[in-house]
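For reference, the structure is listed below as structure tokens.
Letters A, B, C, D, E and F mark the chains as written, and numbering starts fresh at 1 in each.
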Amino acid sequence: MRFDEAYSGNIFIGSQQNFEEAEVVLYGMPMDWTVSYRPGSRFGPTRIREVSIGLEEYSAYLDRELHEVSVYDAGDIPLPFGNAPKSLDVIEAYVDEILGHGKMPLGIGGEHLVSWPVMKAVAKKYPDLAIIHMDAHTDLRVDYEGEPLSHSTPIRKIAEHIGPKNVYSFGIRSGMKEEFKWAKENGMHISKFEVLEPLKEILPTLAGRPVYVTIDIDVLDPAHAPGTGTVDCGGITSRELLASIHAISRSDVQVVGADLVEVAPIYDASEQTANTASKLIREMILGYTMTTKK
Amino acid sequence: MRFDEAYSGNIFIGSQQNFEEAEVVLYGMPMDWTVSYRPGSRFGPTRIREVSIGLEEYSAYLDRELHEVSVYDAGDIPLPFGNAPKSLDVIEAYVDEILGHGKMPLGIGGEHLVSWPVMKAVAKKYPDLAIIHMDAHTDLRVDYEGEPLSHSTPIRKIAEHIGPKNVYSFGIRSGMKEEFKWAKENGMHISKFEVLEPLKEILPTLAGRPVYVTIDIDVLDPAHAPGTGTVDCGGITSRELLASIHAISRSDVQVVGADLVEVAPIYDASEQTANTASKLIREMILGYTMTTKK
Amino acid sequence: MRFDEAYSGNIFIGSQQNFEEAEVVLYGMPMDWTVSYRPGSRFGPTRIREVSIGLEEYSAYLDRELHEVSVYDAGDIPLPFGNAPKSLDVIEAYVDEILGHGKMPLGIGGEHLVSWPVMKAVAKKYPDLAIIHMDAHTDLRVDYEGEPLSHSTPIRKIAEHIGPKNVYSFGIRSGMKEEFKWAKENGMHISKFEVLEPLKEILPTLAGRPVYVTIDIDVLDPAHAPGTGTVDCGGITSRELLASIHAISRSDVQVVGADLVEVAPIYDASEQTANTASKLIREMILGYTMTTKK
Amino acid sequence: MRFDEAYSGNIFIGSQQNFEEAEVVLYGMPMDWTVSYRPGSRFGPTRIREVSIGLEEYSAYLDRELHEVSVYDAGDIPLPFGNAPKSLDVIEAYVDEILGHGKMPLGIGGEHLVSWPVMKAVAKKYPDLAIIHMDAHTDLRVDYEGEPLSHSTPIRKIAEHIGPKNVYSFGIRSGMKEEFKWAKENGMHISKFEVLEPLKEILPTLAGRPVYVTIDIDVLDPAHAPGTGTVDCGGITSRELLASIHAISRSDVQVVGADLVEVAPIYDASEQTANTASKLIREMILGYTMTTKK
Amino acid sequence: MRFDEAYSGNIFIGSQQNFEEAEVVLYGMPMDWTVSYRPGSRFGPTRIREVSIGLEEYSAYLDRELHEVSVYDAGDIPLPFGNAPKSLDVIEAYVDEILGHGKMPLGIGGEHLVSWPVMKAVAKKYPDLAIIHMDAHTDLRVDYEGEPLSHSTPIRKIAEHIGPKNVYSFGIRSGMKEEFKWAKENGMHISKFEVLEPLKEILPTLAGRPVYVTIDIDVLDPAHAPGTGTVDCGGITSRELLASIHAISRSDVQVVGADLVEVAPIYDASEQTANTASKLIREMILGYTMTTKK
Amino acid sequence: MRFDEAYSGNIFIGSQQNFEEAEVVLYGMPMDWTVSYRPGSRFGPTRIREVSIGLEEYSAYLDRELHEVSVYDAGDIPLPFGNAPKSLDVIEAYVDEILGHGKMPLGIGGEHLVSWPVMKAVAKKYPDLAIIHMDAHTDLRVDYEGEPLSHSTPIRKIAEHIGPKNVYSFGIRSGMKEEFKWAKENGMHISKFEVLEPLKEILPTLAGRPVYVTIDIDVLDPAHAPGTGTVDCGGITSRELLASIHAISRSDVQVVGADLVEVAPIYDASEQTANTASKLIREMILGYTMTTKK
């Protein structure tokens, strides 16, 4: 019983609160105000942390334990409700600072638009950046019903920012005809429906490069992730997604940042989705830090 | 079997689709992007219409039937996701047009901020307007964490616009100390906790005046309306709310517009809240049009 | 550990399995095929029995315990799915037999139409029968969209069968204008909205008469019974319903049969409605048998 | 803002309301009164339309967009609650009329029994008809507990009507021993457990023939479709079902009608099942009309 | 953006983390292993803290704000799963220490048995202690099916420990006949069904005495608190419970400790119960500290 | 209509109530008091029986019907709430008696700790016993936070009791590093992630030996079994689990007892998990009894 130290409320299992020593900084981006269909991913980060207590600290996949990595759980970034432009500015500055301290940013969404300022910040530090993107949706729209800041646009923005040839999308099964056409015409890689097999082919071509990995939980089939805004059947299994994270972890790329977005707990009373996200975060922490040790 | 006429999908029971003949125009405002706590009221209008098929067209309270009033269900106003300023502009122009045709606007939210442009439009037409406001919350903030367009501000905006003395709030049980203070200092009426009894005292003082009635479903106790963003215990029963609508209907005010906001169906698997909202809308249609016949 | 006797699976708390000695016969009528809105009451009887294990056997209201009454739980009557006429015939014959053995039938629905054959059977044995009916709905339709066998018609049928003057409805808040008119013109009693107070006035006028009590759970406000087909706000509290059962129990009528219908568990994940129904059944057993002892 | 045209409430994405020009007629059959286990599929059509707004109009599988096909959403067929014989007559006459206009009927259930009158109507027009049936259950009973009109009987009825050799069932994993025996003895095709591989073998043998495709959503594993009356584990994935629809679409059969039945939204709070059904309907529209163009 | 200080995860709104300065210590007791019916209250404290962000810091009832009281949220006491005796020892030692520092313990359950060691600890410090107990159940059993450590026994234990005459129960509507009898014979106060009115009569008789207030959330009607283990209809409203807390706060007793137990979030998907509990905790903090200032 | 025989409430489909003639005894072990994360499996046995009415009695996999096996459903073993040591003693004595009568025990959990006394009882009768264990978790802890009786320990206990070389675990994907190490060092078999393929390799090596099969439902992916305490993504499909049960059934081992544990219905509103468990139990009854006939 120690009343003399701060109560560590709801932090991710195995993380700690010493920023200086941390290798990885975990942070939430509780924003969902531009989603066109079902909102609720603002509560993703909190719930994912909460259910992490049901996890083991050891990964039987990677034979690594959380205590081998030092992770600082920074909590959620405070964002102004309903103000997308300002929220994105806050996120970018926040990640700039994490990167400035030489730490790996590991973000939890929130809607997918939050990945845009993060990727922009990472690209500032790593000019040779490549993006690995796993998602059900292309997210390549220029705007959504006139709004350029929409959850349907982040991949388009980063593709235009660092060049479409540096962006690799996997598992895509939904989008407008125009989006697929734009990707094709501009040399952006899109693997439709599948993730693991095409990823294994791409990874060697990225050897040595800094890579940011952004995962929209809806790349999973709704059977595996019902708790998300836009459920879209025909997706991959959680086994394939775990194996894909492990494939990246064991490859020769250098993961310099990552996120997992679009977990919306309210649509999943069994909390299957949050628990799955929580395990995915653990594997990302354990696996992605393996790439930086080489 | 008639394939030669348009299928009237999901419209409110007893409404029809001839705008010209309509006395009342029913419309949805599916916006929830500035809420600070739980989003989801964007799906309120659709679900309220959908469950209206479980209603009778006759009110045993008012001894009136829906066919005695002609209501045009205009569907939902298309709003730009995540863009609050533009959404409010669209709503104001929309209601201007309804009023221009001499019809009563009856809106379904959406978050409470949608009432602000509606009330502004109504105030243009009726300079002597009074507002009757039933809610758990004061909604009198100047801004919410810096954002002036927030679901916590609509009553402050209209109070400053038409004068605080013309705004009457009932059932209020939550707010900041400053909000209550501002109301008191500026002569705005706030009845804490209770609705029906203080309303009965106020109504005669408003006799003959045009009145806009805005109801946040969370004025009901969560027992009666669990499906809303911010559940706040200690509220009134649906009986008291029905009786309050009937009290207005039988009073000498002239209702020139009304709304019901903040129904968020996802938080209520039993659909109790949507069904209740649906019955409230029926009573508003039948009751408020009684005031315009006098 | 006794393997030599049958396992009594899911029976109502405090009931037993010796038919001969039973004073009351409890039985389920798992039928919901004529409901116009939300089906599911077929699972009412099973769930109500299941949750009864959460009850005490003692009533702090009546100061009686279940072991003071002998109740036989006969399980559910097997009914042909989707065939309303045949189902009603099966129910009537079943209740005839219960009455033939001199026992009190206590039925659990199922939709309200199941009460019609029960009341018909009871009326055969007790020509002077009066009906006490608590419900949100009149249930006085001649037919529903052409179907004479509908959950909207049972009270009309019994009223025409034994004479409208012998039927007393309480708590009614929904119906067609024609239904209220028919009741008024034919001398049938309808108390709108309220139950306890008007019931207390009626009971003395029924002193000494055999009475059948039929309760539709939707007489309760949806706050108290969300798990039913047609939730209709503005209803009474469970306190008022308990007090009404107790008022009957302590009156001078002779309860000769009763039912509780329209619990549809799927619409209430908290199982509040089934638990409430279960307590109401306990109070009916303990209370109604007090009237037959006099 | 246009108040001069009817509000098209809840219609399937990409459909329109001009019957004359339509190639495909989409209609709901909201009947569930003969189901033996869990009812609720009556709300399937409405919810499937409602969630279709979350879909893209483009299929990345077929490289086709909804605007390439003209679909008329006719809404739900009004059916008499609880009266199975009359409901089936109404459906048959309705589909006769669609076929009389030379359009493809695409129905949404409701329980599986609704497919029987549809298939009967289609067989009148196409004497050489073959049935492709995907389901967890044989649905080959003569009756269910004595009732010949039951959700367990439609395939038996059409098999006896057009000859068992013309019926091909896939994915079957549940039924009575007698049903499998009857199929075997009468030359009806049943592929147990699997759909895609056996279908690919059968399709060439049906080249040139008119085919009606009836899909019970429970052919999917409950992981992929929890929102149905009878969840039965061991089923196929939504990927396999999508691929099966695509295999038919690219084959040399001529699809002359189709349906998707047994979506019961209440059992799936995440709305995964309705969203999946909605995507399946889009693929059916885009794919099956490819077969009629050849 | 400050990475140099600990992230304050999930703490109750308005609380802080400096133990030394705190007047009130808030702590969770996440134990539910002796409940006989529905478990799940172990997640009560976490969820109640989580939803507290939806609260205002100002009470419109008491005209006080949280910053006027210093509260230390100590998090949950770590308890050994499934071991009741050890858990109770840990709790007692924990509360001893809080009291040793001269602070008011305010506990969140967890099942009601957790109140027993707390009350024992408080009684050590305040020999003249009286207990105010609000509950649906007597909780006066000697044991439950042979187990003396059960959620049905805490009030019996404290009554025997400090003398039954010092225990006052309110709102009781369920229990065994023997429990009511024991209370009566031993001079313990039980107000059946009602809380506020009898409480107002008792409070003056306790003037000047140290009082511990233990509230089982199921004293509320299930309409107001569906998320609890044993829902028992016929309870009080949240209004009455709020008013009761306020009555104590304004009385002349001295509240020296308090708890709120039995919130089980899983049974309430709308989170109404946790939100209500959260508001009750705020009112307890603001109100009970008023009694210690006198 | 037969009132002269006991109503067989909630028993598993196809089972009966004559203990003497039974080959298999089915019993529930409704205990969940040592689980560290989400409780609720105490309601597993009841719900699994309840939903079994949706099953066919015929297995299309094994071509066998339930009437070919005589099963006695003994109901749930009464266990003292919250007292783990006593509960385990009661279970062991209970299973001793079943085995003494020469019948096969088939248990339904309840948490996994209940398997420990069952396996101990079975090992007394069959000294050459081997254990087949399918689970997401190793369950090889010595204790859990100091408690030796925990749901994390049963496999360690039986492994130490009969020798680690006689225990075969499949599908394991979570555990502490130490647990995997202990298994390896002591010659216990663990197949990580996979079940069917490694099982097929092991089975021939166990030919002729008595085998107890214990299945934790969480060996399934959460997509297939969301209703369990600890959902852990990356698991197997229900198809693979069915095939694994069938592989055992057709092998040359002799199944002398079995269980299925950890179904917690409250976390799965669609009741998919209970329905799946119910089908698994049917296949176990039909399949495992095939091994004893040889």
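Criterion: contacts are C-beta pairs under 8 Å (C-beta built on N, C-alpha and C of every residue); 3 or more make two chains touch, one makes a residue touch a chain.
Here is each chain with its UniProt name: A, B, C, D, E, F = Agmatinase.
Quantities reported herein were computed from a predicted structural model and do not represent experimental measurements.
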### Task
Enter the minimum step count from chain D to chain F; a value of 1 means the two chains touch.
1
## Note on the structure
Note: chains that touch chain C and chain F both are D, E
### Query
Farthest chain from chain E, comparing Cα centres?
D
### Message
Roughly how far is chain D from chain E, centre to centre by C-alpha average, rounded to an integer in Å?
### Response
55
#### Entry: Interchain centroid distance [CA atoms averaged], chain A/chain F, Å
38
#### Entry: For chain D, residues contacting two or more additional chains
38, 221, 223-224, 267, 269
### Message
How are the chains arranged in terms of who touches whom: line, ring, star, complete or other?
### Response
other
## Note on the structure
So the touching chain pairs work out to A-B, A-D, A-E, A-F, B-C, B-D, B-E, C-D, C-E, C-F, D-F, E-F
### Summary
Within the complex, chain D is touched by chain A residues 37-38, 172-177, 180, 192-193, 221-224, 226-227, 230-234, 267-269
### Task
Flag every residue of chain D that touches chain C in the complex, lowest number first.
32-36, 38-40, 42-43, 78, 80-84, 144-147, 149-150, 266-267
### Message
List the residues on chain E that touch chain B in their complex, please.
### Response
53-58, 60-61, 63, 65, 221, 223-224, 237-239, 242, 269-272, 275-276, 279-280
## Note on the structure
Given the complex, residues on chain E that touch chain A span 1, 3-4, 6-11, 17, 19, 25, 46, 49-50, 72-75, 93-94, 97, 101, 269
